[in-house]
Amino acid sequence: MSKEPVAVVGIGQTKHVAARRDVSIAGLVREAAQRALDDAELTWADIDAVVIGKAPDFFEGVMMPELYLADALGAVGKPMLRVHTAGSVGGSTALVAANLVAARVHGTVLTLAFEKQSESNAMWGLSLPIPFQQPLLAGAGGFFAPHVRAYMRRSGAPDTVGSLVAYKDRRNALKNAYAHLHEHDLTLAKVQASPMLWDPIRYSETCPSSDGACAMVLTDRAGAARAPRPPAWMLGGAMRSEPTLFAGKDFVSPRAGKDCAADVYRQAGIADPRRDIDAVEMYVPFSWYEPMWLENLGFADEGEGWKLTESGVTELDGDLPVNMSGGVLSTNPIGASGMIRFAEAALQVRGQAGDHQVDGARRVLGHAYGGGSQFFSMWLVGSEPPAS
Amino acid sequence: MTSEDVSGLRDVAVVAFAQSDTLRTTEEQSEVEMLMPVLHDVLGQTGLRTADIGFTCSGSCDYLAGRAFSFTLALDGVGAWPPLSESHVETDGAWALYEAWTKLLTGDADTALVYSYGKSSPGSLRDVLTRQLDPYYVAPLWPDSVALAALQAQALIDAGETDEPALAGIAARSREIANPRAQLRGSVPHGDYVVRPLRTGDCPPIGDGAAAVILAAGDRARELCSRPAWIRGIDHRIEAHSLGVRDLTDSPSARLAAERAGAFERPLDTAELHAPFTAQEVVLRKALRLDDSVRINPSGGALAANPMMAAGLARIGEAAARIHRGESDRALAHATSGPCLQQNLVAVLEGDPR
Amino acid sequence: MPEVLKAPLVVEFPFTRSLGPVQSAFLTGLRERVVLGVKTGDGRTLVPPVEYDPVTAEEIRDLVHVGSTGTVTTWAWNPEPRRGQPLTAPFAWALVRLDGADTALLHALDAPGPDAVHTGMRVRIRWAEKRSGAITDIACFEPYDGDDAEVTVHAGEFQDPVIGIVAPARLDYTYSPGRAQSAYIHALSDRRTVGERCPSCRKVYVPPRGACPTCGVATAEQVEVGPRGTVTTYCIVNIKAKNLDIEVPYVYAHIALDGADLTLHGRIGGIPYGQVRMGLRVEPVWTEGGRYPDHYRPTGEPDADYDTYRELL
């Protein structure tokens, strides 16, 4: 028996900011969830199950916070499932929710991911001092910067490529009312003059720390037929994991990412992603990851991804727009960041992306990753239902 | 396919189960060192290797270890190469099994490896679990897990649903078992009050352990197991968080999950209940309508071994293993999460007619 | 087998929690010795007040003033109070339905002993002397045999409302890295770096974690690697990390020790940071009492050829 097609009929997110001091954790998630319900013109009673994700519980200091959030998310008397797959969790959470619909276990599912980083400090949560272990010598960016250098060495990319990505994403964010960073005065020269924190990564090429939540309502064909606005249809979705550290690991282009993309393309019947996909919303926490992921996801040959960035192909009005929302570089509530990517892909194919809409976007990829470049989750959504 | 489910869902079965000994401390082992033999055991039972598995899903909790992303290193024990289709839930592995079950239903995979583990020994579990509670009104008071269970027990006593001797009887029965993996068995003194009305004997042992199962769909299940434990239904429900708005003597979420899982459609012969405290068995027996004809917790349940995040998955595994061995034909397995049975999962497992 | 290591691990943070309107009103009320509940659509009064109706999921905002006296709905005697709990002497945990409320609030009840406590008993709030707008502004409940308090509508508005709380949390753990890592750390104390070889793929893991992550089998055969190695990649750190006393800029590098099949991380010294390069040959520099090499310095050998370490990059 074939799977039930899955449609996105409601999307909601909070205005992402450094600290939402006006709401509780419940209030934060509720705001995104309510907006998703409003978008779908549904009520709490229409939701059959809730699937929630976030990154480590230490960020808010609440162990398994879904227990406390059951009331706020209308889950009382319903199934509620909590997913945690590190930085990819926002994407994985959406895929777990989608499976509930695809398997015909439920008709309509609310999925949500959040992080309220202002409750603590992300670096504290990520680097609790473990006895006997050598302390991380370099802070957050120090983990990624050597891999960026390895990419530059392999590809021969000019060292300005990272600044082009940062400048593009921050300008895209100006068109997205929900984005955290709105740097109206930013220029390319300012990006290139910003302090070099972890050489080769500059300050303006790093992501912020945000409070935010993102929610989606997923439903079956019958639910999509009742939807007030055009749905986004899931054409393919996959997760792949590989170990944290191992002999032969390729941090620049991890095999788990390649395999994950290949699985999604197979499901969706994509033969040539560069030709068949209209736009990509990918998880780029440091600007250089745009060219790296363009190669990993098959949009460019190995060593060639930076050429797409440099030639303007990934601009909002380019041939393959990347990170139309402004991306993780402009908004980063860690646990929600993956779902925001998935939601942006869905907004695009629904034609609901407002000022950052890509004209005629019919098939858009949403991408998330996490851990030591080891956990990947992706979906491809389209404006038309799957063929079968 | 063994039988046509009314919903048209694909048939999925538990085909193998393995667990570690549950020990008060396992400090000589890292989490992966504790987990890996269990994974080898469960894979060995089916002859499968990691690369043969269609989907992998695990359950664990960072707060037990005191470290963020603790599950990422446990993945080393699986051998995730080539990369796996894999996911993780931050709760008991019973919910990882639920996620894997949905994955198999979609047809994307025919087999799944589900595992979970928990080491309670590094921290003070009673204090750690306070961090699950409402962070504004409750967690600042540090009410520990035994205290909350004791409030529930007293409510049951006040309602005339049980008394201390009856609870002592549940404690004794739970340890009069032959389960070699259990942490407590044989004659265990009922002890002094920990938080009255609960005595040491009413509380689960604190221990470290791991569990794993393999799921398979349709004919694949028959190939891998001579008598698969078919999942006839599985469902989970959550209740309001605040204890003060709930009726602690009842478990409407467990009842609803059981109803949705089809537990009430035909008689059961066995029930594996994840009731860490004696009084919670009283609540569950009522909610799940389990009478004396049903054998409760032949494994000893959570009162004999309660590895956090693995004890719920182990209930499903224990129930399935009895079906594999021909000791049960239709069993209910239950898992819980949260304070005072806030969230409950029920699975109904059946063996083919003999 | 060498002794397995263990050490204390303290996880402690003062979390800053913003409250939202309903919780802000309730906790500010406690500061002013006023207890507020919230009305649901069907007329129940929830105390403590929550933001969303647990039955209907509706947002609820209508605050009412309830009594500071109430009735115990269930209780449990706590003979040995634990760290952080409201009272240090033995007390009862109690769920108390305050007069005017339909739900119960969890707190401590100060009583001389379990025989003095029963379900249905009347109690009242004992206020903390110092109140800041937190659940601990209620010191505890105490037995009470007077009249019920009046219940009135309250706008929930106060001067200088509390909009956030600081919730310190400390948990104490004993950390043990397990067998494989303990062996590695013991060897380091002799300034030797000892990895483990996978019996299946033969790769040498440093530090060993007990399992070969690609084969999923235990590693056991010990292999000494280094001390020299090759810088495979690096970054120049220009921003001072909070808990590290290292002058910036410095070079943080991935180093493949000779004989190891993956890199470990270290600082490069003894060379101007601008001259560090991929392929640089380095050796460890130890300081007295250091568990790990303080840094690595150039050996003076010619740089390693890119092809010799590209698989380790």
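Per-chain numbering from 1; labels A, B and C assigned in written order.
Everything that follows uses one rule, which is that contacts are C-beta pairs under 8 Å (C-beta built on N, C-alpha and C of every residue); 3 or more make two chains touch, one makes a residue touch a chain.
Just so you know, these numbers come straight off a predicted model, no measurement behind them.
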Among line, ring, star, complete and other, which best matches the way these chains touch? complete
By CA centroid distance, what chain is farthest from chain B? A
Take the average of all CA coordinates in chain A, do the same for chain C, and state the distance between these two points in whole angstrom. 25
Chain A and chain B, separation of their C-alpha mean positions in angstrom: 32
Shared-interface residues of chain C (touching two or more other chains) are 6, 9, 11, 15, 17, 19, 23, 50, 54-55, 167, 169, 175, 177, 181, 212-214
Residues of chain A touching 2+ other chains? 24-25, 58, 60-61, 71, 76, 128, 130, 243-244, 246
Chain B, residues touching no fewer than two other chains: 63, 66, 73, 75-76, 80-81, 128, 131, 135-136, 139, 240-242
What part of chain A is in contact with chain C in the complex they form? 19-27, 30, 44, 58, 60-61, 71-74, 76, 118-121, 123-124, 128-139, 141-142, 145-150, 153-154, 195-201, 243-249, 251-252
What part of chain C is in contact with chain B in the complex they form? 4, 6, 9, 11, 15, 17, 19, 23, 26-27, 46-48, 50, 54-55, 73-79, 82-86, 93-95, 97, 103-108, 114, 119, 134-136, 165, 167, 169, 171-181, 209-218
Listed in rising order, chain A residues that touch chain B in their complex are 1-3, 24-25, 56-58, 60-71, 75-86, 92, 95-96, 99-100, 102-105, 125-126, 128, 130, 238-244, 246, 254-256, 259-260, 263, 371-372, 374-375
What does chain B use to touch chain A in their complex? 7-10, 56, 61-63, 66-69, 71-73, 75-76, 80-91, 95, 98-99, 102-103, 105-108, 128-129, 131-136, 139, 235-242, 252-253, 256, 337-339, 342-343
Could you pull out which chain B residues touch chain C in their complex? 27-33, 36, 39-40, 50, 63, 65-66, 73, 75-81, 121-124, 126-128, 130-131, 135-144, 147-148, 150-155, 158, 193, 195-198, 240-245, 248
